[in-house]
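Working notes, beginning with the structure itself.
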Amino acid sequence: AGENAATDIAGKDGGTLTIDFATYNPLSLVIKEKGWLEATLASKGVTVTWVQSAGSNKANQALLAGAIDVGSTAGSAALLARSNGSPIKTISIYSQPEWAALVAAKGSAITSVADLKGKSVAATKGTDPYFFLVQALEAAGLSTDDVTVQNLQHADGRAALENGSVDAWAGLDPIMATAEQEGATLFYRNLDFNTYGFLNATESFLKDKPELAQSVVDVYEKARIWAAENPEETAQILATAAGLKPEVASTVILKRSNLNVSGIPGEKQRAVLAKIGPTFVELGDVKTQAEVDTALSSLLDDSLAVKANPASIKES
Amino acid sequence: MAVHSGAAASTATNASPKAGSAIFARSWTRLGLGLILPVLILLAWQLSTAAWVFSPVQLPSPRAVLDAGTELIGRNELFNHVAISTQRVLIGFLIGAVLGLSLGALVGLSKAADVLLGPTIGALRAVPSLAWVPLLILWMKIGEDSKVTLIVIGAFFPVFTTVSLALRHVDKNLVEAARAFGLKGLKLLTTVQLPAVVPAIFSGLRLALAQAWLFLVAAELIASSMGLGFLLTDSQNNGRTDRLLLAIVLLAILGKATDALLGLAEKWAVRRWS
Amino acid sequence: MPALLSPSVATASALPDPQGTAAMAVSFQNLGRSFGTGHGAHTVLREVSFDVQAGEIVALLGPSGCGKSTLLRAVAGLDTPSTGAVTINGTAVSGIDSRCAVAFQEPRLLPWKSIAGNVAIGVPAGANAARTREVVERLVGLVGLSEFAGHRPREVSGGMAQRASLARALARNPGVLLLDEPFGALDALTRITMQDLLLDVHQAEPTTVLLVTHDVDEALQLADHIILLGPDGTGAPGATIVRTVEVPGPRPRDRASTALAGLRSSLLASLGVNGH
Amino acid sequence: MAVHSGAAASTATNASPKAGSAIFARSWTRLGLGLILPVLILLAWQLSTAAWVFSPVQLPSPRAVLDAGTELIGRNELFNHVAISTQRVLIGFLIGAVLGLSLGALVGLSKAADVLLGPTIGALRAVPSLAWVPLLILWMKIGEDSKVTLIVIGAFFPVFTTVSLALRHVDKNLVEAARAFGLKGLKLLTTVQLPAVVPAIFSGLRLALAQAWLFLVAAELIASSMGLGFLLTDSQNNGRTDRLLLAIVLLAILGKATDALLGLAEKWAVRRWS
Amino acid sequence: MPALLSPSVATASALPDPQGTAAMAVSFQNLGRSFGTGHGAHTVLREVSFDVQAGEIVALLGPSGCGKSTLLRAVAGLDTPSTGAVTINGTAVSGIDSRCAVAFQEPRLLPWKSIAGNVAIGVPAGANAARTREVVERLVGLVGLSEFAGHRPREVSGGMAQRASLARALARNPGVLLLDEPFGALDALTRITMQDLLLDVHQAEPTTVLLVTHDVDEALQLADHIILLGPDGTGAPGATIVRTVEVPGPRPRDRASTALAGLRSSLLASLGVNGH
């Protein structure tokens, strides 16, 4: 026996919905925990399969292969994937998180972005913290050439920060929240430099099963409302799912996530993405700016989110 | 020269000629001695955390790791992680070993198969586990199949390589003798060639088992939410160093335990075929 | 001492039953064999031609390293001659020939099989399990190893291993039996017992036997013809047939006969040993 | 029986007794035949993309992968990726092989060392490459050292396992003979035991080299911005499937090429010691 | 035929130079050896006691599988007796004994070394390279393998390998020389040449020699004493000494002497062979 066995509720064959959950998407955890999707879709004979995404890149991989219908990523990751040809569209926004910031070790002399000149900074290329770093440097009149970027996975970046291998770290929650608890300082924060949490669906799914897609958007709407009303319980769900200490989970949910953001993908998101788009080309991750532009103009699809109806969702 | 008059009854009796190394033979002693080094490592670990050489997030104390384990047991999760991973590794290992043995025998004995398949297999051998992940997702989607397949790939190569190389060096005199008595093909393989490479087969199997555990981590990057490999990656992503170390220690223990079972099988096989 | 043979073991009643292949004629046609190429080449056998009639026992004598084993290997198809050919019953040997059975100069037993298991390898494929067991049991008994049937080769002595190898070849009941010094590691008594066994087997089932030996007496006791290999004195490289001898009288022969004593001296003289 | 009258001069000459398999011996033919399968795979790949079985982002065409390569060459990056990775793998492989050979010999020949070290090494063998990353960063910082160390770890185990297991099965008669002539210790090892396990050493080395390439990917997760492992991970994260496949193909080619070199060394060694 | 020995090869002028260890006395004290335990146990040797004086040549005769090789192995320290002990020059043998050199029943040459390289293993450690080369070259020549010095063991014949193994043992120039059927695979002429070589070596450097053989004539030619092993007729398991013979006359002995002929018959009778 393996895992990922589909929870076939009704037994009738109304098709399947394969959707991801991720610790960086608290709403997905709430929906899975509450069983709303299953309850709602059971009557239609739809089988729901939950698949965990370990990160935006994994979610994108699964979307590209058609292994999942709906997956959650950071906004930057969604743009990058679409720029490189992945047939995805963003159908909802699940949070405006402040998951990235610049972190210095306990007792470090670094207190501002300007102090970073000539220093080494750990970051994971192609992820939100890296784009955060690029924007922060730009805002302080510096560029990536003024610092040494050490490309490390998020967890390894913190380890490198703590043993002095690097001077600063472009951190990501929840590791960053843990580090903060241990005494590290977030010396530069900026909510606007974070891209949003994007809920993406494959084009074929949107085309073939528009009603199912609508249900997904509806359930996210319901979860958003519920989470805003029950922040403590949401933190608890996150803590359990991600194995986080309750304090850390609370920090992430209460202090650094705006779950009460509008679910309709729109101008705000487009503005942030427009800023980081050129970085893709600079890094060589996307071939031309034209591809980025095309992707940005076609990525966001608000048609479902505008008619989101949380009331259509059944409690289990 | 003089023959001793009247050979007396035996006096000096040394019944066990190899008494010197007998101390290492008793299995409990063996186990105890084998634990010395792990215990020393544990001690060094405990001391280095107690002396704050490393901070608790860098390197949590053994105690903290144990607590993380108890917590997961309390949540009824640890057993599932262990069970699903063990299942994946064992199934993958079995399939991979059988494939490795068959193809290894083919390539080791048939010049034609070697020339045709050798280069391709040699090239595939260097494809990293992580690189297989996107390809497997593409071809097999994200179910249990793709995870087990990745482990099969990992287990295949050590068996294939050791068996195919060893078969080329089987004592030519014995093979010739057997062929002179009309043995050929499968019969020759099972009567002479495979028994002659039993030690090599087992070193291949032990490496394959180890590699199966290594590939497990990559396999559990394929959309899983259970298993020790998942626990490892997930804890790393979430900064839970204590759970990370727990996963490492469990993988090491399970790796060693399954290896020890294979070691028993090896002992039996070597006694049987040498 | 269970390993010791009582001289009564090899009685005709205990012989293999006569179900084997019919004896076959062997013919060597201008056989030659060189090893190596170019500078390092050396010729071992040269222009060896003779015919062995079906059912004959032929002994091969010759100095160490002259190519006796090489000759046997050519008959079995284990070695390809550089020139000429070997034919068995008129068809040329090419590749391993199933009409032959070999007892190699070294025992070459599979270390992981018991003595009985090794002898069983000699039994022709197609025999059912019961028959195989029966043949093996009888032959292991005939070579005096019954008590050691379950032992592994490394647990028996050199002479015992050699007897096991002989039993394996006999189990095949072949058209041509190739024996490369099959009694070299045996003491005088066991050697005589084994020689008698070979003769008994041959009488019950007159197969063709090619026997390499260093013991002139043995050759005189067992063979219809003796072939002496060696350099022919012309200075040409490699050994060839320097003498052939037809041994008179039916077997078993009187070991004390004067006719044989004369042949013995003459053969030893041909081998370079004088006055003994 | 009748000796032929007058042995005539040799007529039938078959100078090369094994003419049948000679076709596989010529190295160009070998190479050509070895390329059949890769070419077929390439063809299947080309066809499956051309027939739109997979979309170009899922599985880019061979052409697209080639283009990605040309682009990287144009940016002057590809050569650096290849060079630095090859350097890391070779250094790590060399150190790991030497360590594996030494410790393998120790554990294979000394019962005491086996009992004391065996279990610990067996346990460490199952620790996945990814799990070493945080530990190495902790102990060795993020320089070149930690990357090479990880590759050393990868290369160590196959050599260690095959050598230590093979040494237990060296022909006891030969060892006894050599010991009877006063050989012992290092002299016995180099005169009898190592030559006897040359085939096993080479199967260990070939697996070690393959594993060195596998561990490269994990090693280049440690603060690198160059190398094929980096290219692989980076492309995977960015969804650049063309570059991802380029990295895989390059790893396979390099893996096979270095393996072929080792194969040549093996041929020489086997001729020398068998 | 380069492999063939001309009888003149083993002249005294070409002998190893006398630099070896002094000959040593060997004493067997109530030696016994059983294999296996419990039910499967079987006794091979029982209550073997005799003394060999330094410099003596002692031949061991006995049926196949009676424990001759086992006895030699006990002297070399390759096997540990179940009861009793072997002493060399008064000190007990325990573990491999560097005072001995062995020519095993099988050649046991290292397949990856040339014939010369294998013989070199016999040269005692500590000899410098030039001296090693000199010793090896001389001994390889003495056993008639000069032309094959560079060949690998698998490229030489059975008898040639046996001679290489003999040369390796001789190269050691040991206190006790243990030879397990060293001439078993040799033709009559080569055998005599090698026997003469052994005697020449022994004369130049009178080491103690324990020689296992199946050839009664050989024992009579070479040995000061002959020891016959076998079951003693009491029904007790295992072989022990059933007879010891002092061979009269100085070496080389006349192979045709009547005294030896009488001894020969008597020994053969003891071995169970009558009337030949």
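The first chain written gets the first letter, and so on, giving A, B, C, D and E; residue counts start at 1 in each chain.
By our rule, a contact is a pair of C-beta atoms (placed from the backbone, for glycine too) under 8 Å apart; a residue touches a chain by one contact, two chains touch by 3 or more.
What you see is a predicted model, and the numbers here were worked out from it, not measured in a lab.
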- Where each step is a move between two chains that touch, what is the least number of such steps from chain A to chain B? 1
- Task: Name the two chains that are joined by the greatest number of C-beta pairs in contact.
- Result: B-D
- Item | Gap in Å, rounded to a whole number, between the CA centres of chain D and chain A | 40
- Task: Provide the C-alpha centroid distance between chain A and chain C, rounded to the nearest whole angstrom.
- Result: 83
- Note on the structure: Separation of the C-alpha centres, chain B versus chain E, in whole Å, is 47
- Note on the structure: Multi-partner residues in chain C (2 or more other chains touched) are 106
- Overlap residues in chain A, where contacts from two or more other chains coincide: 61, 64-66, 153, 155, 159, 163
- Query: Of all residues in chain B, which are in touch with two or more distinct other chains?
  - Reply: 58, 133-134, 138, 233, 236, 274
- Footprint of chain B on chain A - complex, ascending: 1-4, 20, 23, 50-55, 58, 61-62, 64-68, 153-155, 158-159, 162-163, 174-175, 178-179, 182, 240, 242-244
- Task: State the interface residues of chain C toward chain B in the complex, per the touch definition above.
- Result: 76, 78, 96, 98, 100-102, 104, 106, 108, 110-112, 121-122, 124-125, 168, 172
- Note on the structure: Within the complex, chain D is touched by chain B residues 21, 24, 30, 33-38, 41, 54, 58-59, 111-112, 114-120, 122-131, 133-135, 138, 157-158, 161-162, 165-166, 168-169, 199-200, 202-204, 206-207, 210-211, 213-214, 216-218, 229, 232-233, 236, 241, 244, 247-248, 251-256, 259-260, 270, 274
- Message: Show me the residue ranges of chain B that touch chain A in the complex, using the header's touch definition.
- Response: 55-58, 75, 84, 87-88, 133-134, 137-138, 141-144, 147, 221, 223-227, 230, 233-240, 243
- Message: Quick check on the complex: what are the chain C residues that touch chain E?
- Response: 1-5, 7, 35, 42, 61-69, 105-106, 155-160, 163, 180-181, 184-192, 214, 216, 230-231, 237-239, 255-256, 268, 271-273, 275-276
